[in-house]
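Letters are used for the chains, namely A, B, C and D, taken in the order the chains are written, and counting of residues starts over at 1 for each.
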């Protein structure tokens, strides 16, 4: 991965298909996304269970529990998986790395498929063991409640921008050049970014910022209600990623400007 | 920025106006302050919404939610933006760095303007999407409730001292000389400092310690009430910064004393 | 310990018996497991005491208190004890390190015995000073409540997999080769992993993922009820460790694949 | 301070009296202890205020607020002050460093006096601005409630052992030799240790583990009640420090055993 840092990845990269490290990275993405769904959905089931069923809104302590669980999970997973696959476990993070030419399109598609499969399996396991609660809480599906769709879309858009911004900052070539263990330290601010977005957006738009999560909960929940707002949780993150990539390339990317400065 | 660390910045620094890195730093300050207001105000709306409207006081779990959100936001922003602009997003931090001669007056004024603009835009976006709650919670404006103005002023004064102290410690020349990734590690203690000040002062003076935030919420809220205590949230942080800069220069600054010791 | 990292430990390692560092490591494991039980059980007593006696389920704020206390304890203990004994204080972590051939069977057995003794002493001290609460809360024993045994078993299995995964990632030879203080930084993600598993599993299976803890609470509690589900908290973690070791050896272990990649 | 790490400090060290760095360290200890009392007492006032007056026991969310505020304050102060004075702001930490011969008796006494003065000023400022709440909450004084004195003594003894253990581990010569920024990273586990001890002991013995804090709250509160249990909060930490120093010297100190191993 270190070589990718300082140079552009090939566009298609079909030669990668022959290496074990390519296939291994996909397996790792599957496991990481599985774990993310498993833990974050179980936490929702744990926390909601003790207050009230079927209510999507939550009290400050519920909100904190969900936000901390999501943030800490992402932080731990980034720490554990970065060295193997880059630690994406989120289709828009993969898309973002493709946009800034750090991974090939082949790898991007492979990752996204594995992430969605991992997320579906994670949600299915939670459903299997917590059937009653899963139904009552709409399977933790991403729904836009009490607010119009425009606000939900904006929250998703902006939340993903914040996440992608932290991810790009952490994988900055300038930093990794100075210091080899920056990727390890990066786990904390990326986890904080996820925590923050959940604190700000959970009561209003349920916080997706991960289309694999939104898709998986909708599929496993299997009700029409879970599908109604699905487009918001794909379109919002997509545009957020585009803005973050643009901002990264124009304002932050150190190389091009260094010659000018 | 590394050169600024070990030497004094020029007083006016008009030559900086020609470099892209100067303008880019301002853009980054705008974005960072925007994000700070966006996330911290939305968290206030999230947390207050679920308990009671219009009440400025908050329960221990509310307090923790607000303090963690503010602390984690500052920590993540410092991590992401330090390499580009220094990661101030607070007029008094900029003022502090000017006082210890690490940035020029030109840069200081430019940063402060961008910070205030960013804060106003951040508060405006929150108002646009959460109009009802924004009104009920006085737009998250900094008000001194239940206490006399003297106490509010003291809390702001001391809270800013704590924040500036952590910021100065993190950008200490002696440390950065030894170890190039200290600025990355600094994100955590600075975030903790913000968390702490919120834990101690939120129920009493609403915790400003960032005049850009206080100004923006007062402007966007647009009620007379929001302006009454505005002076407290400028004068307090200003004196806190002066004391921290003085303390830093006389007691902590390593260079002058090393020759004596 | 550094040499163990890059080479396999001897199978029996009887020669270790002559070194003080071997015996010291066991003493340290005893103290660490003692501290883990002492703090985590006292926190349960603190938190439960203020809400309701005898109820094993807990509110979101209780859940967070228990999860944070467990995670932070493990994080602090890993930080303090890694340099001396490896910082296991959990029989399945010891078993995992034996499986991937990082410690000898002699050391593994010695550690496990010391861990169980430490855990029993820790629980006994808590019982001695908090007798009434200890009885009312079933001594913090690991019981499977409201759910069938299969779910409890699965939660233990998967929770241990997550923990072991983080532990293996943190002690990865590839990382420690680059960077000598990775073990210090590892304390945070391992602590997060423990926090996460508690958030997800505490209300359902009381979260063991540490057979020394489960054994000690059952022995010190001394009621038949505490023993009924004991097998779950040994079998689940055992299989979780096996899967994590397998996954580590086949998918993650860097050495064998580097030549292929 | 680096030289002190690898060699013993002089017993009296009267020559230190001539250096500015000696006097500066005391000023810094004063400020740090002042800040510790200011923030931790204000947090108690904030959190208790919103639930019930005069009640020393607290709910899980109160407990977490107090524990996090104490832990994060210690973490931030250790980060900021370690380079100047060692970052003790606690008489028993100073005593511990004297016991393992890292500071002279002159410095130890000077630190302790400055710490007690700083703590008294911190508590006095909180009292001045929050008079009503300060009285109602007994000035945050360390009292042993609901339990016999023996248990309170044991909790103090053991809590201090945990704290000192983390402090000694963080200032371990073996670590600092490898890696110059270990003292910076140490701020987190030491903060966690303080958090943990508060989680375990706050509802039962109010958690002192810092005699300067116990003394200051008793003096500023000025009631007979605050003095009754004062001896517990000096004797407990003292014995905890003795045990930690003994354990450190015999079991953990790397130098003597390396030759044997």
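We take it that a contact is a pair of C-beta atoms (placed from the backbone, for glycine too) under 8 Å apart; a residue touches a chain by one contact, two chains touch by 3 or more.
All figures in this text were calculated on a predicted structure; none of them were measured in a lab.
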Could you check if the interface between copies subunit B and subunit D is built from the same residues on both sides, meaning over half shared, or from different ones? different
Between 0 and 180 degrees and rounded to the nearest 5, what angle rotates subunit B's CA atoms onto those of subunit C? 180
Give, as an integer number of Å, the spacing between the C-alpha centres of subunit D and subunit A. 40
When the centre of a chain is set as the mean of its C-alpha atoms, what distance in Å lies between subunit A and subunit B? 29
Residues of subunit C that contact two or more other chains, please. 59, 61, 64, 181, 185, 188
Chain touch graph shape: choose line, ring, star, complete or other and state it. ring
Can you list every touching chain pair? A-B, A-C, B-D, C-D
The subunit B residues in contact with subunit D across the complex are 57-61, 63-64, 71, 147, 151, 154-155, 158, 162, 165-166, 169-170, 172, 174-175, 178-179, 181-182, 185, 188-189, 192-193, 195-197, 199-204, 247, 251-252, 257, 260-261
For the complex, give me every residue of subunit C touching subunit D. 19-21, 24, 27-28, 31, 35, 38-39, 42-43, 46-47, 49-51, 59, 61-62, 64-65, 68-69, 72-73, 75-76, 79-81, 83-84, 129-130, 180-181, 184-185, 187-188, 191
